[in-house]
Amino acid sequence: MPISEFKPKIVAFCCNWCSYAGADLAGTNRLNYPADVKIIRVPCSCRVNPIFILRAFQRGADGVILCGCHPGDCHYTTGNYYTRRRMTLLFSMLDYLGIEKERTRVEWVSAAEGAKFAAVMQDFVKTVTELGENKRLEDRRCKKP
Amino acid sequence: MQEAMKKRAKELLASGEVTRVIGWKKNEFDYDITPAVFESAEEIDRDFRYDDFCGPNLSKFTFKNQKNDTKTLVFLKPCDTYSMTQLITEHRVNRDALYLIGIPCFGKIDIEKIRADGTDGILSIASEGADVTVKTLYGDKTYVKADVMAERCLACKSKYHTIYDELMGEEGEVMETGRFNEVEKLEAMTPDERFGFWRGELSRCIRCNACRNACPACTCESCVFDNPDTGISQKAAADSFEENMFHIIRAFHVAGRCTDCGECSRVCPQHIPLHLLNRKFIRDIDKLYGEYQAGEEVGQRSPLVNFTTDDAEPDIVRKGGK
Amino acid sequence: MLTNREKEQILISSGVDVRKCMRCGKCTGTCPAYDEMEYHPHEFVYMVEKGEIEKLMNSSSIYKCLTCFACVERCPRGVEPAKIIEAVRLAVIRKQGNNHIKAEDIPCMAEDDDTPGQLVVSAFRKYKK
Amino acid sequence: MQKIGVFVCHCGTNIAGTVDVKAVAEALSHEPGVVFAADYPYMCSESGQNLIKDAIREHGLTGVVICSCSPRMHETTFRKAAASAGLNSYMVEIANIREQCSWIHKDMKTATEKAVILGRAAIAKVALNTPLTASETPVTKRALVIGGGIAGIQTALDIADAGFEVDIVEKEPTIGGKMAQIDKTFPTLDCAACILTPKMVDCAQNEKIHIYAYSEVESVKGFVGNFTVGIKKKARYVDETKCTGCGLCTEKCPMKKTPNLFNLGLDTRSAIYIPFAQAVPKVATIDADYCNMLKNGRCGVCSKVCTAGAIDYHQQDEHIEEKYGAIVVATGFNPIKLDNFDEYAYAQSPDVVTSLELERLMNAAGPNGGTLLRPSDKTHPHTIVFVQCVGSRDTSGCGKPYCSKICCMYTAKHAMLIRDKYPDTEVYVFYIDVRTPGKNFDEFYRRAVEEYGVHYIKGMVGKVMPQKNGKLLVRASDLLAGEQLKIEADMVVLAAAIEPDKTARSLATMLTASMDTNDFFTEAHPKLRPVESPTAGIFLSGVCQGPKDIPETVAQASAAAAKVIGLLVKDKLKSNPCIAHANETLCNGCSSCERVCPYGAITYVDKEFRMPDRTTKIRRVASVNAAVCQGCGACTVACPSGAMDLSGFSNQQIMAEVDAICR
């Protein structure tokens, strides 16, 4: 598939208190970012299990991004500190297995950072589009004919 | 050492201090050693073994065969003490029902290395100091022990016992034997090379679950891969994705808890170097969050259930600055 | 711009972050060489921040500083003015065209057995511009 | 059998302008489980809500998906609507097709496609929703205030005023705190004792308030509405119920050389003492470190002179357990130790004092009866130098990185009072910045300069050198004049930074309330919830949360009281039902979840299990306290066996959403 036609599937996990509100603010301010991004609301970034991320790749996602409150501002005080450790280690492991490290990302977006949210999503979609289709973590059974 | 251990075990049984002994026993072949429970002096006299083939980590076996109402004697190699300490930290074994004896270990022999030399029809093997003598149907052979030692023992992390009620032999020390060399080699490869390497390894996985069954950190009441309610249960590795998924998640679940005992790789019938996944996590944790050895002391806080406010950002992976 | 380049140089060689200064003047209040100096420790910090390096380099103040480190010791923000002064001094020494070693001097230095050859070479590299 | 209803909102043209709402409703109507799909101009309007209610009743819907604005806007609205039609309110899911779709995309086709996918994800999730009910727990109608300074006193009085029982735990023998030690207050210059002591008496006389003086909190268990607190009443060797506070014992006690801590050690008192005349409770206390009777059994004078028979040399610490519905932390502050500031010669010269010590020196009840005299030779000082920011705004590690906030104002107050009382005294104030935000604050500071002639000098003192003639040579910079000043002073007053009381850290651990790196308690939200701790049921009052002056402290104290009253008037607390729960058969009891829980909501119980071979086995399993859990989900990922799951955001639900999006 030529790059110009390729539309990546992007799953974005957003914490309810900061990043989801940041995404809402991006909308309120009419800040455009690609429609390839679909947001899943979670109470806190620390709710995101590595299993969910792998599951997304299995089912055909080309990129997974996780957004949470800035460290120190977590609604639940410490949740995103655990996220930070878990995801650093998970991403490092994926890289170790030779899976493109650009397909996964963690970003801290506060409820006031609508512009940042849109910018982050634009950049992430661009990066993933350049990488092309997810091949290394695909499940052939889940591919559409 | 074996005789001293037998003597002590029988003493403790006779005094009523313990009613069961967990150790190793020989099966048909000298090199075919399995963990076993002994309940009488006769059984001990007949079957008890401790030699350079007693590789299995008795901590997991103890976990599976624990009894709360009676006291059990367990012999632990340095490796096994780390696993045992970790199990106690996680409340998976009842310390009060155990009598632990620390025993020395001088490295275990990997029978596959002897076989790989074309040695067949093995009748018996004896290991004495640095020499390993193999009697076969076709005559005797002698090896230098270091040449036939298991890879995990060549990169032994410690001869120190983290827990025991009683110690037999001399206490050893924590060692630096370059156990991360292979991880570093992989890290130095290009992503494509790494991907190729791991595909080559993991595609051999037959999902026999031997790694999980032998692993002293895998003690879940029910594994997420066995439980249909999790939505991710798998019985067979039907797709390359599932090979990856199983091993990534397994390594992630034991990250910060894995003591690097190497049982996973030892028992893998497909010879997949699974310990390299666990060691990657250990190495990352050491580098990013400070040196941490699981099973060093009871009550440790694993790095994955801990944090500091100035931890590295996940970006560090993408930016390659580690 | 010459001054900016020199400011960068001074910030790098001193390792001091002048923006941390909150202008309390405790460094100057504590300076035992105050009366001798034209520019005082807090002025060094402020002038480096503004990029006025030339003035400092031409002032005798840099040689009046005793390097007693009282200012470093007392600064509540960890700014280390003495290191800034030292860096200005170094900048003067390293200034283009100021030859502190002449090629002709080298042979007699090299004759001295106690002087390591490496020292002579590195001094020449450093001071012959 | 699932019966899901889908409702697509136009939001006027907000959504319908870029999303083909009819096409979305049509596409979603074919999703598995969907039995009803409709679109409507304004779903949140009354008629829109009626559409939903009618559909629930008519089609017996088991789940509702609303494609509309952000759930942050109208989730509650739609949940209430569902509940009024008899559907559990947690069977409603929102697909955000406005903020996250129609408002960011311009192309109708793209936006419509995305809206359908978002709708699908919501349908996939709602199919796995389970009815949830908020659990209810009763509330113990009694509050605990930890700390009996002005913050604690005000909070307690306000709570008691609303009719609730309040206990104050104070570690000193009397309530009153730092304000009791202060002479005058800025910017009005009224006497601190005159305004504080009536409040202290109010506390003592209010039948709703119980004061545990000379006591400490030892343990805290439980959760919002249901705390159990262990309190240690330290032995004061005097029976509180018998002592009349007559003070005869303090007069007769032969150990007169005991440092008087109330006067910060500037003078001495007897070993048995009442801290100050207006102490509450007015009961004597024996200082065990100095009492001869307690040290070596020789004396007993106080016991002989006490007509009430209140002295009890054998008194032991008493341990009390009480139940509370809410806890207010009001642990206050202390000036920092000045060991790191050798340059000011605080340890070398008695004439270098801290500002709090100056308060005592100037106070009528202080060591000199209110006349300001140099501590060294009791002479009248003619030159006084004030140094501000001693240890405040200090990032070098010697002091504190923050501004202590109150020093500028109290220094102006001291300078003004001295100039007023002793016009022949020259007063210098060295400052970095003068910070006077507050009602009548800047006017006050200007008065000190303009009316009282206080010399304010922009610059810092570099060194204070005690001289042979008893003077203090102060070397300082005057930055505006470009001079280095050398002043011969009689006294130097240091405005030491303030820090949270040392007991606060261990208390925070007991309360599972979070603290910042400076040991100030953190608030639930820095702007919108400034008097609540992130831990439910724990409230903050006074300097324990951050530096503040008396009016601010009192305001916050009353605000905390209002929050406490708001909690205690409830008979039962409803909690968010989207919380974690452990599947006991899967739980390993490994403690991973307990360690990541920010609220201490997870405890372990030993539970008996029947094994397949008919034996029983006792295993340690996790148990989540529904009233404490806030539903972050940290535990669900820490759990390797998947025993921990989160209601409303279960593993299955999130994965269903992932699947629907990637489909």
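The first chain written gets the first letter, and so on, giving A, B, C and D; residue counts start at 1 in each chain.
Here is the rule we use: a contact is a pair of C-beta atoms (placed from the backbone, for glycine too) under 8 Å apart; a residue touches a chain by one contact, two chains touch by 3 or more.
The structure presented is a predicted model; accordingly, all values stated were derived computationally and were not measured.
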Inset, instruction - Enumerate, in label order, the chains that touch chain A and chain C alike. - result: D
Inset, instruction - Could you grab the centroid distance between chain A and chain B? Build each centroid from C-alpha atoms only and quote it in angstrom. - result: 36
Inset, instruction - Report, in whole Å, the distance between the mean C-alpha point of chain B and the mean C-alpha point of chain C. - result: 59
Legend entry - Rounded Å distance, chain B centre to chain D centre (Cα mean): 48
Inset, instruction - Going through chain D residue by residue, note those that touch at least 2 other chains and give them in order. - result: 596, 638, 651, 655
Legend entry - Sequence positions of chain A contacting 2 or more other chains: 50-51, 55, 78, 82, 86
Inset, instruction - Could you list the positions in chain C whose residues touch two or more of the other chains? - result: none
Legend entry - Every chain pair in contact, whichever chains are involved: A-B, A-D, B-D, C-D
Inset, instruction - Would you pull the chain B residues touching chain D in the complex into a rising list? - result: 68, 89-92, 219-224, 227, 229-232, 253-254, 301-302, 304-306, 309
Inset, instruction - Provide the residue numbers of chain D that touch chain B in the complex, in ascending order. - result: 517, 585-592, 595-596, 604, 618-620, 638, 640-643, 651-652, 655
Inset, instruction - Would you mind writing out the residues of chain B in touch with chain A in their complex? - result: 186-187, 191-199, 224, 230, 232, 238-242, 244-245, 248-249, 251-252, 255, 277, 280-281, 284-285, 288-289, 303-309, 311-318, 320, 322
Inset, instruction - Could you pull out which chain D residues touch chain A in their complex? - result: 70-72, 96, 98-101, 103-106, 110-111, 113-114, 117-118, 121, 514, 522, 534, 578, 596, 598, 630-634, 636-638, 646, 649, 651, 654-655, 657-659, 661-663
Inset, instruction - Enumerate the contact residues on chain A facing chain D in the complex. - result: 9, 11, 20-21, 23-28, 30-33, 35, 38-44, 46-52, 55-56, 59-61, 75-79, 82, 86, 118, 142
